[in-house]
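Okay, so chain A shows up in both of these, paired with chain B first and chain C after.
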Partner chain A sequence: MAGSTALETEAAPLERAPAIGRVSDPRRASWLVLVVFLAPALVIYLGLTAYPAFRTIFDSLFTIEGSERSYVGLANYRDLLGDETFWIAVRNTFVWAFVAPILDVATGLLLALALYAGIPFSRFFRVAWFTPVLLSYVVVAILWMWIYNYDWGVVNEGLRAAGLDALTRSWLGDPNTALAALIVTHAWKWAGFNMVVCLAAIHALPSEVLEAAELDNCGWGAKLRYVIVPMLRPTLLNLYVLAFIGKMKVFDLVWIMTGGGPLWATETVSTYVYKRAFNWNTFDLGYPSAIATVWFGVVCAAVIVLNRVFKSRDRLEY
Partner chain B sequence: MRSAGTGMAAVFAWSLLAAGTAAAAEPVQITMWSNWPDEPAKKDWVAARVRDFEAANKQCAVKLSFIPKADIYTQAKSAVRTGQAPDVFYLEPDQPEFLTGGFLEPLDGHVDLAKLEDWAKPAWTYKGKVYGLPVEAYTVELYYNKDLVKKVGVEVPPSFQLTQSGFADLVRKGAAAGITPVSQGVGDRPFPGGLLLFESLLRKLGTEDYGKLLNGNLSFKDPRVVEVMTWLKGLVDAGAYPKSFATLKLGESHYYFYQKPGSLTFPDPSWFTGRAFASPESGGMPTSFPLGIMQFPSMDEGKCPTCKTLAVAGSFVMYARGKNKACAGALLESMATVGNGDKWTEQVSLQTGLKSDPSKINSSHADYFAELNARNTGATYFFGTPLMYYRGKCAETYTQVINNALPAGLIGVGEAADKMDAACRKGS
Partner chain C sequence: MSADATLPPARGRGGFLASRTALAVVIAAYTAYTLGPFLWLATMSVRTTGEISADHYAWPRPFHWEQFRIAWVDSDFATYFWNSTIVVVAAVAAVTLVGAAAAHALARYRFRGNRIIYGILFSSIIFPPQITLISLYQILVDYGLYNSLLGLTLVYVSLQLPLTVYLLEGFFARIPQDLFDAAKMDGYGDIEIFRRIVLPIGMPAIATTLILNFIQLWNEFLFAVVLITDPDKRTLPIGIRAFMGDHFQDIGMIAAGVMISVVPVILAYVFFSEKLIRGMTAGAVK
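And now, the complex of A and B:
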């Protein structure tokens, strides 16, 4: 034994390994270890995500008055079909979710390209354009309510200064412009986030391809259209899907700036759920739970559909 | 060893005794949520009542928080369900779901109800019991700037009530002079935009039919209702309201009336004083402001020109599942005195549902209060505002259509009447 080599000493346990079985495999943890490590996250997930979700679905089958609940089956869902305000909210939310992300992503891409092209003071602009992302919705909402103010807001003052008095209006008080005004505000807040992601993606593009395009005398416009945007497509689509999901749940900005008005022109599904749950002179959580359940399904379905539609069949290789 | 054990037992027993004594000396703490964080006079009144109560009841301590009304409602609606609501909290009668849900404690066993005004009790009466302490009461008034009204060439008659056409004339003259005729904004409230219309409807219909309208038993297409709505639409088209009407907040509409840019009139409940009598530096009314109070205009062939809305607003209620009802009830009982009613009127210059003794009220705003009393002498009161009657979809439609779209000129009379009937008319 004294004369055994190190190699022999190390080989011995390996030979015994099959007898000990899975426990000795260093890549596999015991059940106890698994439970200890997974339990905290699982408890939080089950308690704060899964249970509330299932409870919401369960509550949607009841009418809850005070501390009493009565089973109503699918009656809340039937009522939902004939609820005019709900359908207005659905329409507005779809406008938000499908149109606003285009504006968000396009703005972010343009800002990223501006920085990539090396505009003057680009370091300053990088920080300035990203700053709105750091602001809370409350601050953004108040800021833009001032900007849109009829009497002294920047927008109307600018129009008056340009001699375009006829175009001045109460941007948030007019049903024709209120939703668009909110979408612009939202795009302003999130453009910086999209800019940072796009900028990182642009910098990650292979320089050989861009240089080859330049050698071929490809101008900025053509390079953008035929080289950069196609190669950024996966990033842009992911940003679009992310923005889509966020906008399907939009609440804060709408609640603070318009409360869903005027004439329900900016009502979204989230603000309507909140109104039905807390502003409807009732403690009934059954009906708002039914709206939330339906919308949960719609968001999930929409994300699946978008992912399928956007799934790239031809992978870019470079 | 034995003596050591005895010693340990003695120390343990002493510790228990000390802890028990400490617990006995520790006052019972109750929590109280009050509105009015931004209305100094009301806030001071509540804080003083709590201080007085704690001084006279050493066994009770009050953890008092001032929270904006909307936040109180949102938080209370979650908290009452989970047993975590404060022992005493602010509520207004337009939140009846707390009553019907069984979350409020009847005050009958805690407060001497004889100390409340008889007209105020119905606002909080449910199944024969009274559930709220009606601290704040109000009438709906039409404030005006005496100088500006005179400047545009309108003479307010000795009755302080313009006719329907006289008020329309005031609006036209104000608009022509570049002065906003009616300061009003609905940026953060669901009711101000409906004040002028519904006070006019009350005077046109009289209390009985007006009550039917609010209870969904009279159509908004009733010719009398349509006539008043058409008159109001005429005012809107003539430029009665600020262009920023949809986003102007209640506090800002005060400032708009008595500071910049200034307006001829300001329809507002008489809780006007809460903001107006703050110091001018903090947005209050300048001391030299030529404030007047006129009656809302009389309607042509109106059934009740002297009618006026009277209502209860800020009140305090007890949580039914509160663990310290003795202290909570004692607190409300201590607030419900004639002396405290007098102090409310003196400090806030606003009516109260607590009994008070007008002869003992000595207010620095005595002139204002005399004028308010004069405008209310001989009035025929209708109890409650539209939002105390309207619920759910009807209330939401009122907020969107009557409060906002109609006075903002976004919608016609016919469409507004259709929407209100669809949402509020019984059997529709």
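And now, the complex of A and C:
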């Protein structure tokens, strides 16, 4: 029934007030209308996202130097297995993507709780703590390169002022500390984002439950552990996955602050792809395409697995 | 409202004071941690590099406002600023219009494949950028769009499209169907409904996506650095990076350039902080 009436409405859209019996399902539209609304988005998606993605996957089977391309089958993938730099990059990215989100989300949750506890000037603090989220990676990278500067950076100046000269070092130049230094910088930028999300989620909690906890004279620690965190579980896990995705892609910060060095200590998959495709004089776009393809699969698989793992546990109903 | 009301009353006065003091210290320390670097940058932007080298932490005296004029005129930051403005404004306008049209169709009309199209558009949010980056470079070279602001604008539209459709679809779907039924009764066509009902009612959500897209693209680095090589076409992020590569020691001038790039974002934040935060949280709270 709905199908035929939809056509009628389309045929005479300007006819005033169709008779009651003939009112069509207003949730249907002709193909023409749908095409007008959807075509621009689909064309952009197909041309600038889907086609390039498929082309990269296809290109990974070739060696491409300038306009010359020769089919090499799976040779790029075979090379990849033996590429030590690639595996170092994978290890660094995994450390970053799996461990660092805990730091981001925990900081964000604590900040949100501080705001929720009703500290004075909370509006100011929320704005202040959120500010780093807005700064570009270029700005954040430059700021933190100065903060980590050996001669006059804040970290080393602070250590010297405290009489801990022995601990001063070139934070980004030392392979033992470079990755940690970058992770701290990344967490500095993103903690505020996790904070506002946690805060919104806390405010969305049913107030009866929190009031009941207060009536039971439940301390802050117990309230946090037994009431707030379990109820925020879905949000916290969601934030973890979001942070995870972001860190699997991390490029800008590393590229500007360390360029992947020293001694590959901060090399990530993204920076390695960039180096192989556009920075080194290897002039082959096939091999980096293979890395990008593998990483595309890894990110998609990881996101699916994380979602499965987190969703399989029962959600708290309230 | 106040902290006193939420703290358990059973505690002794001493413990109460101690915990409040500890909280205040932590809050002050974290605020210094987030705002401190930014204020440090601001002070360095109005000091000359010579002054900074003498003492990196001194208060600017006098304020060298001419640093900004030098950065703007002599160090080419004006070029970078206007390139960024052109690309970002054009891309944000285009992605909002295209995204809103698609979001409206997906939120309002029932048709076969609706959820599949939505899912496909949305899923590209998780794509690592390299999967499109290498091919986009080749495609733009093929079509003569490499090293052009138009090419970068098109790529930016495609980058922000998934998020825009996602945020707007969520909002448009909550507009009551009655409004559309009434409009149809009054003889509105589908395009008119979009223009005269969806866009005005959806304005708060559209404003949110506008600001969010503006800030994300204003800060974008990876695609710009790959797709733009001509110094006259650099956007701010790659302009600053290039300037730093050439003048590594000129800290005062780098700081002034960074401030120029940060000011529009801070202004957007000052005026629209609520909308911005709502937009950024919309995707994460479920």
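The rule is short, and it goes like this: the second predicted complex is superposed on the first by the 290 of 318 C-alpha atoms of A that agree within 3 Å, B and C clash if a C-alpha of one lies under 4 Å from a C-alpha of the other, contacts with A are read in each partner's own complex, and residues count from 1 in each chain.
Operating definition for what follows: a contact is a pair of C-beta atoms (placed from the backbone, for glycine too) under 8 Å apart; a residue touches a chain by one contact, two chains touch by 3 or more.
The structure displayed is predicted, hence computed values, not measured ones.
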**Message:** Under the stated touch criterion, which partner chain does A:261 make contact with: chain B (first), chain C (second), both, or neither?
**Reply:** first
**Request:** Considering only the touch criterion stated at the top, classify A:300 as touching first (chain B), second (chain C), both, or neither.
**Result:** second
**Asked** Who touches more of chain A, chain B or chain C?
**Response** C
**Prompt:** Given the touch rule stated above, what does A:131 touch, chain B (first), chain C (second), both, or neither?
**Reply:** second
**Prompt:** With the two structures laid over each other on chain A, which partner does A:281 touch: chain B (first), chain C (second), both, or neither?
**Reply:** first
**Message:** Looking at A:174, would you say it contacts chain B, chain C, both, or neither? Reply first, second, both or neither.
**Reply:** first
**Request:** Classify the contacts of A:102 with the two partner chains as first (chain B alone), second (chain C alone), both, or neither.
**Result:** neither
**Message:** By the touch definition at the top of the document, which applies to A:142: first (chain B), second (chain C), both, or neither?
**Reply:** second
**Those residues of chain A which chain B touches in one complex and chain C touches in the other** = 278
**Item:** chain C residues touching chain A - in the complex, by the definition given at the top
**Value:** 1-3, 5-8, 10, 23-24, 26-27, 30-31, 33-38, 40-41, 56-57, 97-99, 101-102, 104-106, 108-111, 117, 120-121, 124, 126-139, 154-155, 157-158, 161, 165, 177, 180-181, 184-191, 194, 215, 218-222, 226, 237-238, 240-241, 244, 251, 254, 258, 261-262, 265-266, 269, 273, 276-277, 280-281, 283-286
**Message:** Going by the contact rule set out above, which residues of chain A touch chain B in the complex?
**Reply:** 65-67, 85, 145, 148-151, 170, 172-175, 261-264, 275, 278-283
**Message:** If we count contacts the way the header does, which residues on chain A are in touch with chain C in the complex?
**Reply:** 9, 13-18, 23, 25-29, 33-34, 36-38, 40-42, 44-45, 47-49, 51-53, 55-57, 59, 111, 114, 117-120, 125, 127-139, 142-144, 146-147, 152, 154, 157, 188, 192-193, 196-197, 200-201, 204, 214, 217-220, 234-235, 238-239, 242, 245, 248-249, 251-252, 256, 269-270, 273-274, 277-278, 285, 288-289, 291-293, 295-296, 299-300, 303
**Fill in**
In the complex, chain B touches chain A at residues 73-74, 77, 81, 94-97, 100-103, 242-247, 261, 391-393, 395-396, 399-401, 404-405, 408, 410-411
